[in-house]
Structures are given as structure tokens and as C-alpha cells.
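Have a look at the structure below, then the notes.
Think of it as A, B, C and D in the order they're written, each chain with its own count starting at 1.
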Amino acid sequence: MVKKARIGILGASGYTGAELVRLGLRHPHFELAVLTADRKAGQAMADVFPQFAPFDLPKLVAIEGLDWRSLALDLVFCALPHGTTQLVLKELLDTAPATRVVDLSADFRLDDPAAYETWYGHPHQALSLQSEAVYGLVEIYRKEIKGARLVANPGCYTTTCELPLIPLLKRKAIEPDEIIIDAKSGMTGAGRSAKEAMLFSEVSEGFNAYGIARHRHMAELDQEFSKAAGQDVIATFTPHLVPMNRGILATIYVRLRKDRTARDLRSILAEAYDREPFVHVLPYGDMPQTRHVRGSNMAMIGVAEDRREGAAIIVSVLDNLVKGASGQAIQNANLMLGFPETAGLEQIALFP
Amino acid sequence: MVKKARIGILGASGYTGAELVRLGLRHPHFELAVLTADRKAGQAMADVFPQFAPFDLPKLVAIEGLDWRSLALDLVFCALPHGTTQLVLKELLDTAPATRVVDLSADFRLDDPAAYETWYGHPHQALSLQSEAVYGLVEIYRKEIKGARLVANPGCYTTTCELPLIPLLKRKAIEPDEIIIDAKSGMTGAGRSAKEAMLFSEVSEGFNAYGIARHRHMAELDQEFSKAAGQDVIATFTPHLVPMNRGILATIYVRLRKDRTARDLRSILAEAYDREPFVHVLPYGDMPQTRHVRGSNMAMIGVAEDRREGAAIIVSVLDNLVKGASGQAIQNANLMLGFPETAGLEQIALFP
Amino acid sequence: MVKKARIGILGASGYTGAELVRLGLRHPHFELAVLTADRKAGQAMADVFPQFAPFDLPKLVAIEGLDWRSLALDLVFCALPHGTTQLVLKELLDTAPATRVVDLSADFRLDDPAAYETWYGHPHQALSLQSEAVYGLVEIYRKEIKGARLVANPGCYTTTCELPLIPLLKRKAIEPDEIIIDAKSGMTGAGRSAKEAMLFSEVSEGFNAYGIARHRHMAELDQEFSKAAGQDVIATFTPHLVPMNRGILATIYVRLRKDRTARDLRSILAEAYDREPFVHVLPYGDMPQTRHVRGSNMAMIGVAEDRREGAAIIVSVLDNLVKGASGQAIQNANLMLGFPETAGLEQIALFP
Amino acid sequence: MVKKARIGILGASGYTGAELVRLGLRHPHFELAVLTADRKAGQAMADVFPQFAPFDLPKLVAIEGLDWRSLALDLVFCALPHGTTQLVLKELLDTAPATRVVDLSADFRLDDPAAYETWYGHPHQALSLQSEAVYGLVEIYRKEIKGARLVANPGCYTTTCELPLIPLLKRKAIEPDEIIIDAKSGMTGAGRSAKEAMLFSEVSEGFNAYGIARHRHMAELDQEFSKAAGQDVIATFTPHLVPMNRGILATIYVRLRKDRTARDLRSILAEAYDREPFVHVLPYGDMPQTRHVRGSNMAMIGVAEDRREGAAIIVSVLDNLVKGASGQAIQNANLMLGFPETAGLEQIALFP
């Protein structure tokens, strides 16, 4: 029997934290050893998420005062706000350099310190970690992730968009300067902090765009699309809020390169993801729905032709809290710790 | 005091029918004289829509057997399925040629019989009415509507898209061959017929695209955009379903013509709709939400610049059952009957 | 033409405030002269509720610094939190004693200062106003309201329960000591303050009871039921939260007095509300739904027999923001100012 | 390694069928050998439930023509409509008497043929099976279930109510003739058949009672409560529909027997379910929410005192498709086949 890995979850009282606990509790090789939540320190996990009441879990503790060395954690999932994250992880990895980290914040996703400063408004405080970090889009960077100590788990919007577009850009099947992404997200993407705009009565029975032309996920998209295309790419990206809890759907409008057809795009994706356990490419012309990946680590992609000649439409979906956050984080952790990649991630989507 | 107009509503048991009754009951110049609903004939309106229980309304009757001449209706709202509509209206107008009609189906929206046949799969059965019909987008065709006997009320998606785009195409501010419309609609747009895919449990907590590259509203968009641009226009149009009852939001990606800016687009629209009671253009950069027009006849439009150079993003919203259907129909009727255009349409949006 | 009354709305940035503006803007005899919102003072109403962007409204101001005398308001709607309310209204009525007030808080609903202190944890600060105030359940206290200067608008839950139960208690048709009220409310009842428990993702796709055996509306129910029964009544009352914006439904379990039947209950209610414009009693055995009163000032009541012998079930619904708050407040104001009772309240429910 | 059991699922295209497939696919000891769906025979499971597209599953087949003997199924889950079920299972067990059956319909839940005939309007067609069937409320009838060939899986409402009430009735802690159950269910309880009243636009943003005093689950409650109490029990039961997909919450009003307190009720339940993996009793005074059991096989129960002296309020929740149907069915199957009772049922609730 495989020895269980000692796992810490920083920021367990948020939605991605709770999702790590939901999946981690049933992971065959995880022992949830430490759960932190600064403002709720001292409380039981069941006090902040009553679904855990029937289960044994460590009490929530504050990060300050933890002795990373003696805790001897094999791996830490960090689900803290950006900014804070880089300070906490710097100290953690200074003290316990053998601990591995999957970070769910945006702090280590951007390679370029200047890009970080532009989008986040302050210089990065942990530059050597930033250069060490590996971008954790498993299907693209699996090899690098296996040997990594610090993995930057991709954003939920970006995972949704990069899974279909990176293979197409690499294969030069689409024009890199005419990509329009119209993205729609469920409300858990906005997190658990109490804001008027996120109240049920403000959100229910309505729909809206937000953050037009200034959402921070754009920096991450620019970076990965540019790498894949071998040239600078600036994609249009408009996020919208859907009155539902979970799910992201991106409708992506692309222009085909000469001699390429929409069917070619589908073939490239089907080939790229043929053996992937968590990416499913639909038959040509079929389009995926967020409800069919709810609660699972699955991403689904569909391709159809556009009415405009030489153009195609791609629809990509995933559950923002699973494949878009905590599920992908566990997938990364499995690779880093040498466990089967699908361990703990086999739940099938909950529909209806 | 103005004499009340005798009004008929054909298809009162559907959602647009109910909305005509909701607004019509409080219209200062309407007398709801006839309500039809073939499958529910003999029932009270309160049996099919209990919100009307406290009010006096005529019983639902079948169309067959009505004597249009002796009914002497001033105006009929026709909310029947397409196909059926053209047969019913032909007989109605043959028998009672002085009655005016606002038709909410798609039967009389397309000028070109060939286009109708292509999109609907059969030749039009009332060609002379088709050529007589005026397209009822009030803000664009107000003058023609005033004298019309038969008005084809525009579709809900098309109204949402045409209000912002027609003025921009007319003023040659945007490229007509690079229009991408990503549209999202509440579920009432799918009507009241019992289909598995429209069940609560199928729809709630999910999001999806549908009818990619083949939605029939495209024919109507092509027609009106081509007229406005003075050249053939084929726009990309992708409809999606939102788990909410009412509201359409269209996110529209356009390329600016040389020397035009996104701010110019906003100015053109602000000027075009400056005196319109039912179209509100937001300050530059602000974006409208469907919830803020719910239940009202108001459309709201916002304009922002895109990240891509030379491009802009327009967001347009309305309530699909009001400005997208029954409200606009009453606005048309008011013009045709010489009533104040806003009569019966002054309700303010219901939010939250 | 009737002169317009100058109206003030205190607390216009909350949901009941917005609802007063929605209805007040279209009221034929209201001029909305003052809108207050302390934390949003200086902003336009459209900044906090964008649905008002197309309309002319006074800017939001702070209460402090208002000169009630020179404002010369005919009537003020007060939608402030309890506790604050009594202080503000004391000053207002001291300064401008001719102004009439409809208060939507709980501050003036309880006759008994001791009961107030028990439920609210502090002595009442405006005792003489408390004794002056008239309880504004229009259908029961219409006569008293007409001459009142200060009306305490009933709570939303209490209106839902009192409309069916007061006539039955008065007529001694049911046992006063065996009333069980299982109440369910939409989320707007919780107001607009940003609390974690009210976030969309916390509320959507779930259902729960809250405040069992300690909800403050019980004090108000006790008072009115005891008055009607002529003896002390303590009803069981369990509120629940429904993932919807608007609507309250109370399922009420009662035991019949000897020789009474469930049909008798229905008859008593039908007779009591026969000429009431805003209370509709359904045919025996039919049960109302919240969706059929949404956005309207209508209450609907149904009665059926229970399986248990000698027992009956009553279901009562209304829109908590309209008949349960702002609509009833305007109904009260109409009486106090001598306008037709239904003025400004004639909108029909918005369904679907 | 345990040999896998060959499993059949009859009625796989409904919601409980899909839930059996979701859980069964990941069950360590199940092989899903046969899936039937008469109207969808010939289709892939992914055509009717796209969430299964990434997985290998047998094609849907019609029941007619299946050779039960040669299929040699170890166990069949029957999720067919009542009435049909008894005919199908009679033939199945006649042909393949060694196959075990867990039936999710109501056909074998009532012991008394007369009660069946009264509630279902026709005589039972498989009387000997009816007398053979064991009622599958695991926590109460575990011993009987282990040896059973045919288990009648309890209804979703009834499981929610029986779990808290049977131990209390057995221990004579509550009065058996004053039980009032106010129950609320998500929409999946209504199944997948296309009915107007179940459309998203009819259901969303509203709440209502239905089937007052005539819901068929009452017969099942009567039977089990009477058995537990040792006397005839007729409970009041009012079901309501909540605009959510999953979850049932029952608010239960009981009168305490002499010398009993609400705290006693809690103690009796805590003791009864102390070692149960799927029933969790909350601390006294805390109340459970449906969202915290969503997608899991867990039931949660809370107890509080009522304002009325000598009375208590119990709130019980579960996921109607899991512990209320397919999860409990698998729990039964595990017992019947000698697998660990929790096998395949360990998923933790999905919240948010």
C-alpha cells in the first residue's frame, strides 16, 4: 500500500478550499493534516461548511505560528488571495524546502515580472519563486510539472480557453490575431467574500458582462497564447456572470488559416486529447453544456463552422471549482507526488 | 375621453399572449374584447394564468367559428406559431379588412419570399400580405408603421441587435462584414410548450449555446443589416440559454471603420436615441444588465473599446417578452391607432 | 386635477426603498421630492439602482442636515433600520408635525412598550409616537388609518399570516391555541446588506429553515392574533428561505372549532375580502402560488381540508416587497392623503 | 479481489436511472451489464445524458426481448413507473428467480393489497411478490434486507420523514395523532417527463404547495408510522415545490408525550443513528440545510423546541435522488449482495 501524503490546505474556508477538502477527504493517498483559515481559526471546518459535519477533520488554524518544518507536509495547496500568497509561500519554502506546493492564486502564473507588476499594481515579492514556478496546465506541461516543487495552478477562465486554443495555435491552424473569447461563469468564480453585487437577489434572474477589456486573466491568456503561437497574441476576452453556482462556458470565435477547415480544428483537438482522462472532444458540430461537467474534473470541447466564411466557433466548458481550480490542483499534486494522475478525481458529473 | 379600441389577442395562452393581457388590461385605451387559445378554448384565462384570477376577462375561445366582421375589432395582436399565422391572418383580413394587425410571429418579417422559403422550408401562403406588411422596429420605421394595416413585430433577438447596429451601419461607423453577435436569452424565449430540454431540472444551474449557425433569427438580421449598410451583410450569431426567465443580452464585437473610435459609436447611438422613450444609451464604458429592464419596455445599450485595436464591444439588453415582443407590439399598436406611443407601457423595471 | 403630494423616501438605497421609487414614480398623485441614503449620499439613484437611469429623480441625500420644516413634505415613507427609525421620526415629527409618515420598520408596530423591549433588547426611545401610531394592515384597520399621522406598516410575514387568520379568529372559527405557521420567503426579505449567508452561491440550489422559535415577527403576530381572538395567542411560526427573489408563502395548519368545516373558513374569508381590491380568495381547494402575485400588490388565499379530522390548511401568498412592504405602504399613504386607495398600485403580477 | 456483480438498470433514461449509472460506474464491485430505456432503445446513454460521453457503457435497450435467464444478472435496479413495474418484475423473477431486485417504484412498498388498491386505483398484479418484498429503509430494516430477494426502496419524501419519526414513535416520545409534516422538494422529484408545469419558466422564481391531502406518499407514511407506533397513525403531510434541482426538507411539528422534552427527542435520534454512516444528527437547536447533502447519500436531522409548550420542531433533509432514491437503492443492493454497505456511496456533498 502506498504511504499517504501529508497534505496542508491554506485558505480552507473559501470555495476552492472547501472543494480541496471535498476531494481530498476521499483521495486514496491523502491525509489532510493541516487546514488554515485565518479569520475562522479555532473553528471546526463543519462550522464554516456544514457538509463536513459527519467527517473527521483537523480544526482550522491560523497560518501565523505554524512551524512548517516540524509539520513536515509533503504538499501544500495554497488557496489564499493573490499578494498574500507570495509572502506566505516564500516563508514556507524557505523553512521547509522539501515541501511541494500547488498554488491556486495568480501569484506565480506570469513568467514576466514586468507583466505581473502591470496587472497587479506592485512589484512581485518573491521573484526567485516566480522564476522557479511551473505553469500547471497539466495537459500541456505534464513533463515539467512532474519534477516541479512549485506549480502555479492556472485560472478557471484561462484553463477553459487554453485547452482548446493552445493546440490550435501550436499547429498554426488559426489566425492568432483574431481571437474573440466570450466567456460566461457561474457565481462561485467570484469567491465567498460578502459583496453587495454577489447577493442572491442582485444576481438571480439576470445576466451581465463585467470587467470588459480589463480582466486580469487576460495577462495569463496573452502569455500562454503567445508562447503557443510563437508570436505576440492579444485576444479579446469578455467575461459574463451567469446565475448559477458552477461552470464556465467560453464561446470562442476564430478565423481559420488558409486551407484549414472547422473540421480540421476538431481533428487537431481530438488527436491532442485522445488519451487524456479529463478532456473530452465532442463529435463535430456538437456543443457541450456546463451542466454535464458539474462537480467533475472533466473539460468538454465542441467545434462548429461559423456562417462567416473561413471562420469557426469553439465552445469549451468545465467546472470552475474542479478542473478550473481544485480538481486540476489535485491533478498537479498527483503528478508531483507520483500518484496515479486520476486518483481522487474520478467522480462523474452531477446532473441534474 | 378617447374611445377605447376593441382589441383581440390570438394565442392568449402562451407567454407573449399573457404579456399582452398583462399590459393590455392596464392600457388606458384598450378594451380586451377577444382572447383565443385553441387547445384551451372554453377555459377562463385564470385557469391557464392564475395571476389574472382577480380580473374580468373574456373566456378563451377557439379561432375557428369567430366572425371577424361582426366582432369589429380595431386591432388584433397575433401571437400564433409561424405558418399557422399566415393562414389565419389572410382570412381575418379578407373578412375584416379594416382591422389592423400586429403580428408577433416570424411570418411577415422577411420581405423576400425566397428568403422565407429557404429558412422556413415551404413557400409563403399569403404573399400579398407579406408584401404589404411593415417591419415593426418602431425606432427605425415609425413613420411607415403609423399608416400600416399589418405590422410584423420584430423578433426578440433581432430587436436586441438591430437597435444598436442599424444606426452604426447607416452611419458607416463599423465594418459590415465583421460583426460577431454572442447572444444570451432567458428561458421564456423558448415559449410554453412542454419539451424535455426546457424542464426546470434540465435548465437550472447550467448554461449552453444552441442553434449555432442556423438560428432563424439570422434571416431577419441579414435583411435589416443589409438594408442599413447598403450591401449584403452576414453576421455571426450564436444564441445561448441562461437559467433565468426573462431578458436578452447581446455582446456584439465590431470592427471600427477607419478614423472611428469606440466613443464615436457611443455618440452616434446617443444621438439616434436621444428622444426615444424606450431606448437608453449608457455613459461610455458602462454596460447594461438584463435585470434592470425586467418587465419593462426599455432597451439599454453600452459601448466600450476592445483590447484589439480598431475594435469595440457593444452590449445591448431588453426584456424578451416586453420590448422583445408584447411591449413593442403595443408600441406599434399605439402608433397605428393614434394613441400616445407610451400608453400602457410606462411600468418601470422590476428589480430585484 | 388633484395637486400632487410632496413625498420623501428615507432609505431609498435598500430594496423596499427602490420599490417605493418604482411605484412612486408612476403614482398619479406623487411627486418624489426627497430621497435619502446616508452611505450613498451624493450619488444618483441610478448609481445604486441602474433601472432608474432613464428617469428624472432627485439625488440621494443624507438625513442629517435636512430641514424638515422647509421641505414641507406631505408624507414620508421611512424605510430605515429599526432602532434608528424611532430617533429619526421623533425629530421629523417634532420639527414638521403636519407631515404624515408611513414607517416600514418594526419600530411602531408593537403597542406594548414592554413587548418591544423584550424582543428588541432596549427600551423604546419615542414612546409617545409609539402610542400614537396606527397599525397599517389596511383591510383590518382602514378607518383608523385614514385619520392617522403615523402608520406602522406591517411586516411581510405578518401581513401574509394576518390576512387569513384575523377574520377567522374574530369569527371564532378556529382554535386560537393550535395555530402552526410554516412560512417561506424569497431572499429580498433579507434586505440588501452584504452578508456571506446571502451570497448567490450560498443560497442558490438549496433550502433551509432559520430563526426557529425566535423570529421577531412573532411579537407582531402574537399582538394581532390576541386582539382578534380576544385572548392570548401564541402561534408556532417557522420561517424558511427559498432560492427566489420575491414572494412569501405561508402554509397554515389550524384546528376547526366545533361545528366548523374547512369550507366555512373559505366562506368567512371570501365574505371578508369580497370587495377588497388587493385580497383574492381562491375557490375552495385551490392553492395560490407566489409567482402569480410577483410584483403586484395582490394577496391570494386558499383553503383546503386537512387529512386529520377537524383540521384545515390555509395557504396565503403575497410579494414581500409590494403587499408585504412598499405596496401596502403606498396603500396606507393613499388613505392618509385622501387619494383613491388603488392609485399607483394597479400593476398586474409579472409571470412568467 | 471481490468478483464484480452483474447489474441491470431498468429505466436508465430517467433521473433516478442516471443517478444509478453515475454512482454505479464508480462502484468498486458493480459491472453495469444492462441499461434499458424503452423509448430511447438503440441510443447511447450519452445521447440522453451527455455527462456520460467520456465513459464506456452498454447501449440502451428495450426490456421486451431481453432474456433474463441468459443475462444472469446478479441484481436489477428497477426505476420504471409504478404499475408497469409489477408486470416487468413478475416476469423477470419468474424467469430468473436467482436475480435480486431493488425496486425504486411504489409498487412493492405497501404491505396491504387493499391500501395499494385504494391509493393506486387498481388491484395489484403481483400479489405474491408484494408479500415477499421487504421495505428497504436500511437503518430500520437492515436485517430483513440482507436476506431479501426483492426490496422496495422507500420514497424520497417518506425516507426524509421516517428517519426522524420512526425512532420517536417506537420510543413513544411523541403523540402519534398530532404529526404535521410540511415538506419541500426540489424539482427532480417530479421526474423527467415533459409537462408544462415543470418548465423552467413556470417554476423558477416561485414557490407553491401541491397535492394537499392527497399525495400518494401518505399511504407509505401511514403504514410505517402505524407499525412504529403500534397504533393507527394518520399524519398531515403537505408537499411543496422549491425552485432547485435536488433536495428535500421536511419541517415536522410534533407534540411531546408527557415528561418528554425536545432535548429528549434529539437524544433518542442521536442514539439511534450513532453508528450509521448515512444519518447525521445535528447538535440540539441546529437545523440542517438541503445544500449540505447535495449529491451525497447523507441525511441530516435537527431538533429544536417549539414556542408552544410541550411541542417540538424537527427538520430533516436529504438529496431526493441519492438517499431518497438511487443512493439508498445501492445501499440496499450492497447489503443484499454482501458488499460493504458504503461501497460506491462515499461521495461528499457538493456545496456550493
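Rule of thumb we're sticking to: contacts are C-beta pairs under 8 Å (C-beta built on N, C-alpha and C of every residue); 3 or more make two chains touch, one makes a residue touch a chain.
All figures in this text were calculated on a predicted structure; none of them were measured in a lab.
Visitor: Based on mean C-alpha positions, I'd like to know which chain lies farthest from chain A.
Guide: Relative to chain A, the chain with the farthest C-alpha centre is C.
Visitor: Comparing the two chain pairs, does A-D have more C-beta contacts than C-D, or is it the other way round?
Guide: C-D
Visitor: Whole-Å distance, chain C centre to chain D centre, using C-alpha means?
Guide: That pair's centroid distance is 40 Å.
Visitor: Quick check: how many Å separate the C-alpha centres of chain A and chain C?
Guide: The separation of the two C-alpha centroids amounts to 46 Å.
Visitor: Need the CA-centroid distance for the pair chain A / chain D, whole Å please.
Guide: 36
Visitor: If you look at chain B, which of its residues touch at least two other chains?
Guide: 15, 186, 188, 201-202, 204-205, 243-246, 288-289, 291-292, 294, 351-352
Visitor: Once bound in the complex, which stretches of chain D touch chain A?
Guide: Where chain D meets chain A, its residues are 15, 18, 22, 25-26, 49-55, 188, 204-205, 245-246, 280, 282, 288-289, 291-296, 298, 300, 321, 346-352.
Visitor: Please give the residue numbers of chain B that touch chain A in the complex, ascending.
Guide: It is residues 177, 180, 182, 184, 186, 201-202, 204-210, 212-213, 218, 234-238, 240, 242-247, 249, 251, 253, 285, 287-292, 294, 304-308, 311, 313, 315, 351-352 of chain B that touch chain A.
Visitor: Per the contact definition, I'd like the list of chain A residues that touch chain C in the complex.
Guide: For this pair, the touching residues of chain A are 15, 186-188, 190, 192-196, 198-205, 243-245.
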